[in-house]
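Each chain carries a letter (A, B and C) given by its place in the written order, and its residues are counted from 1.
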Amino acid sequence: MKHRGRIGGHVGGTLLSILTIVLALVMFFPILWMVLTSLKTEADAFTWPPPLFFHPTLEQYDVALGASGYFHYLLNTVVITGASTLAALLLGVPAAYRLAFYPTKRSGFTLGWVMSTRMLPAVGVIVPLYVIFKTLRWFDSYHGIILLYTAINLPLVIWMMRSFLQDIPYETIEAARIDGATLWQELMRVIVPMSVPGLVSTVLLCVIFTWNEFFISFNLTITRVPPLSVYIVGFKTSEGLFWAKMSAAATVSALPVMIAGWVSQRQIVRGLTAGAIK
Amino acid sequence: MNRRRSLIVMLVFMAALLVPVITAAAQATTVTVAVVNNPDQRRLLELSDKFQADHPNIKLSFVMLPENELRDRVTTDITTKAGSFDIVQIGTYETPIFGKNGWLASIDDLAAQYPGSMQPNYNVDDLIKGIRLGLSYNGKLYAAPFYGESSMLFYNKKMFAAAGLKMPAEPTWDQVREFARKLHNPARKQYGIALRGLPGWGEVMAPLDTVINTFGGKWFDQDWQPQLTSPEFKEAVNFYVKLIQDYGVPGAANNGFSESLTMLAQGQAAMWIDATVAAGFLEDPKQSKVVGNVGFAMAPWAKVKKGYHWLWSWAYAIPTTSQHQDAALAFLTWCTSKDYIDLVGKTYGWATVPPGTRYSTYKNPAYIKAASAFADITLKSIQSADPTDATRDPVPYTGVQFVGIPEFQGFGTDVSKQISAAIAGTQSVDQALAASQDIVTKAMTDAGYLK
Amino acid sequence: MSRGIMRGTLPWMQRPAIIYLVILTQAPVLLTLYYSTTNWNFLRPDRPARFVGLRNYLDFFLARDTGRIMLNTLVFSVAVVGLSLVLGMLLALLLSREFRGRGLARTLMITPFLIMPTVSAVMWKNMLFNPAFGLISSTLAALGGPRIDWINQHAMGSLIVIVTWEWTPFMMLILLSGLQSLQKEHLEAAQIDGAGPLATFRSIVLPHLGRYVEIGVLLETLFVLNIFGEIYTTTTGGPANYTTTLTFNIYLEAFKRWNVGRASAYAIFAVIFANVITLLFLRIIRRGRDGEAA
């Protein structure tokens, strides 16, 4: 059924649509500006008024990605994000399965407690973590950071996958059981295939939050392991005017998560609200 | 099923643990150096290729950061014994403290342990005495100076000539203020004076401390009572802040060494009081628009002719956690040797060599010729700056532009933020000093200096 | 594997995860509690830490700048959550209509939330807010206005702008879910009854959205209270301490002044605040779940 605009008639409707698109562009504008700047030469980036038609160039990407160890940070980010997401899946999916299909009276409490760990402020634990890392010589090491990020991703995996698994219509499972499927077949033929989209969304959400994390990486890494978020902070002083190069580095750093977010738009709310809202 | 799962989890973690092992192995002969993003260090980076050519089995990896951020990273690394850096750039403030805590390897000890790694003809006795003392603890050298500096006054000769003004050899702050007033012309993008205002104990506090000293002020009395609201301290800070607000560069609260240097080098500021090491940069045609046009004078004084120019050295030290101390020693002694100074002189011009570390530099005819305008003042300033006698009244601390206790890092930075806010106009100097007095009192009570 | 064996291993499917979380999240909090009772300072290894009881907590209440810091924290979080609620509601309402380009508009609008916080901060600070070369100042100057140093002279305002920009999509998405779950029939029934758009909004839409607003506000408050990267990158808590929030102050206390004991005490406060908000959140979830079951 076509949903007529609640406010006003056809013309009003069109105006509202235009307004919406304009607002969307306004919200998006700073990002657009950053991307455009990354395609300019440094001279162009500082010209005022900004040239409407400039010669786009990819040289900044060359510079940004080539020198200054950018790839080192990119590699770190990929490794940390990948490993911690994987570990969180390995620990979290079985837990989600159990909570979804075989909940007990305590499951509600367990879920609530799991959620609360995700909401623990990082400042609340950074000092002991710092001391522990210092003592164990885990400072600036992959394993230390990955262990922490896994703990951050784990609650997300648990409640997202539980939510998705619960979505699987019981009739389908029942039908398979009636057909005489063993547990293994039930898993492989029904549950796994139907939970793949949920799995993908969960992975994407884990990637989004881990990729962008800053506070923990900033305080517990120095040179070997810091991810992109720490690298970008090096640009915070306006010393040395290299904004085009900075924009290129920033764009590349933000791009993967942007795409991940666009793809998994519909599931973001579920992930953000601990499955409270679908 | 759970057994299989836990096996997989274990494998994942083992795989994750392997990564650092692999990366560590790949870095077996890499020396990681933390440096400040200043002109002399940028040149060091460029010239480091020569070192690597001479030492093919040593690979250098530089981490270059702005000054405040670098101090953070280095302090974190050193105090956590993380061992991320093999060479760290620190100064005359940190070296005695870190040396005392046993966090740095003594250069003397390393020289005895790895004589083959020392740069030949290193000659430790050639190091200027004041600098060398500032980098030692208990008689042992803990860091090798890369450049030594004091502070002095730079001025734009053309602007002064155009206004018919003459800069005396040892100006007073009142004279400086008069000059700034006469030369301040914002409409033509000409500012009376460039002075640091950026928060940081090593940024705005450095010049400000010298002003405090020369107005007769001090941070603490002999009982460690903070003196930030004393009349001399107030007068000094008021003078500094007002000078910037009246005749300074707009947005000075954001300007540290680099930004102020740019103002003078671009011909927009008539005067600047800051590190002597900037002289070489200002005389470098590739970076400066005022080559040949820069005048030099001693840093200004007011009531007391003590502590009105500072003593500082950026130096390189090797943390005890370094796994490659002999390779680090090789690079450290290379870049602080006479040979390196000669290399810079021949590559970039003699006026640009890292100054203030060795007596031989000031006896070198090529240097004397190129740097005649400022070499004398620099050497004289360095030699007359005495961290043990920089204030009118006796004090329990050493340091000209800093207080040589570990707590200074913390409260010095907090106080600098208050001052910077006063410069930006968001609070009055009285408010800033009252808050600062509180901050320092609290820090000193916490640390046990006060009951 | 038969279902019988399955039953036995059930608890073990979730135990590793639970144990992992307990070790990595609860144990550190206990340690924080312990440190908060000492006067440990990292930069003084010559002075071993001593037990000082509740002195650090007392310091929190007596310190001169605590008032300022708590005010900053309050102003910051209320402004950001409030503004993003209003803007998010507006955008959600606009997006709840079907029109061509709706998907694109929505995609564009959620992007600020996806950008790395340090990238956002650096972008806003250098390219938009910079008084000399930034877009905003240059535009104003071209129109004859002043060149304002936003980050230094309107530090809190600038920070609020940046963070609101980042978090409005969050609120918008939640409210949008709420709007979309609103039965079309209710709306059309209201229209047939002759209710104008404002009345519809007030008596049907708003009550339905109540739960979503609660969830959105609570969650966003929780996350915004912990914001660090944006503050560090733009103002570093300055000028003076005008943009230092509780979270940022904990960082300063621990890693600039190296006063681990006091930092831990402040951190416990932060944990308590977070727990209060989390409990409220869980109560709403449970209410909702019971409501659905009923």
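The working rule: a residue touches a chain if its C-beta (ideal position, glycine included) is under 8 Å from a C-beta of that chain, and two chains touch if they have at least 3 such contacts.
Please read all numbers here as calculations on a predicted model, not as lab measurements.
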(request) May I ask you to sort the chain touch graph into line, ring, star, complete or other? (result) complete
(message) If I rank A-B and A-C by number of C-beta contact pairs, which comes first?
(response) A-C
(message) Based only on mean CA positions, could you tell me how far chain A sits from chain B in angstrom?
(response) 40
(request) Between chain A and chain C, tell me the centre distance in angstrom, where each centre is the average of that chain's C-alpha atoms. (result) 16
(message) Residues touching two or more other chains, restricted to chain C: which are they?
(response) 1, 6, 13, 16, 255
(message) Give me the residue numbers in chain A that touch at least two other chains, ranges are fine.
(response) 91, 94, 130, 238
(request) Hunt down the residues of chain B that sit against at least two other chains at once, touch-wise. (result) 2, 5, 9, 76, 254
(request) Name, in rising order, each residue of chain A that touches chain C in their complex. (result) 1-3, 5-8, 13, 16-17, 19-21, 23-25, 27-28, 30-31, 33-34, 37, 46, 48-50, 91-92, 94-95, 97-99, 102, 108, 110, 112, 114-117, 119-132, 147-148, 150-151, 154-155, 158, 182-184, 208, 211-212, 214-215, 218-219, 228-230, 232-233, 235-236, 238, 241, 243, 246-247, 250, 253-254, 257-258, 260-262, 265, 268-269, 272-274, 276-278
(message) Help me check something: in the complex, which residues belonging to chain B touch chain C?
(response) 1-2, 5-6, 9, 72, 75-76, 79, 101, 199, 251, 253-254, 406-407, 409-411, 413-414, 417-418, 420-421, 424-427, 432, 435, 438, 442-443, 446-448
(request) Going by the contact rule at the top, pick out the chain A residues touching chain B in the complex. (result) 79, 83, 86-87, 90-91, 94, 130, 133-134, 137, 139-143, 146, 222-225, 234, 237-240
(message) Give the list of chain C residues in touch with chain A in this complex.
(response) 1-3, 6, 10-11, 13-14, 16-18, 20-21, 24-29, 31-32, 35, 91, 94-95, 97-102, 104-128, 130, 133, 135, 138, 142, 165, 168-170, 173-174, 176-178, 184, 187, 191, 197, 200, 212, 215, 219, 222, 225-226, 228-229, 232-234, 247, 250-251, 254-255, 260, 263-264, 267-268, 270-271, 274-275, 277-278, 281-282, 284-286, 288
(message) For a test of understanding, state which residues of chain C touch chain B in their complex under the given definition.
(response) 1, 6, 9, 12-13, 16, 39, 41-47, 63-65, 131-132, 149, 152-153, 236-242, 255-259, 262
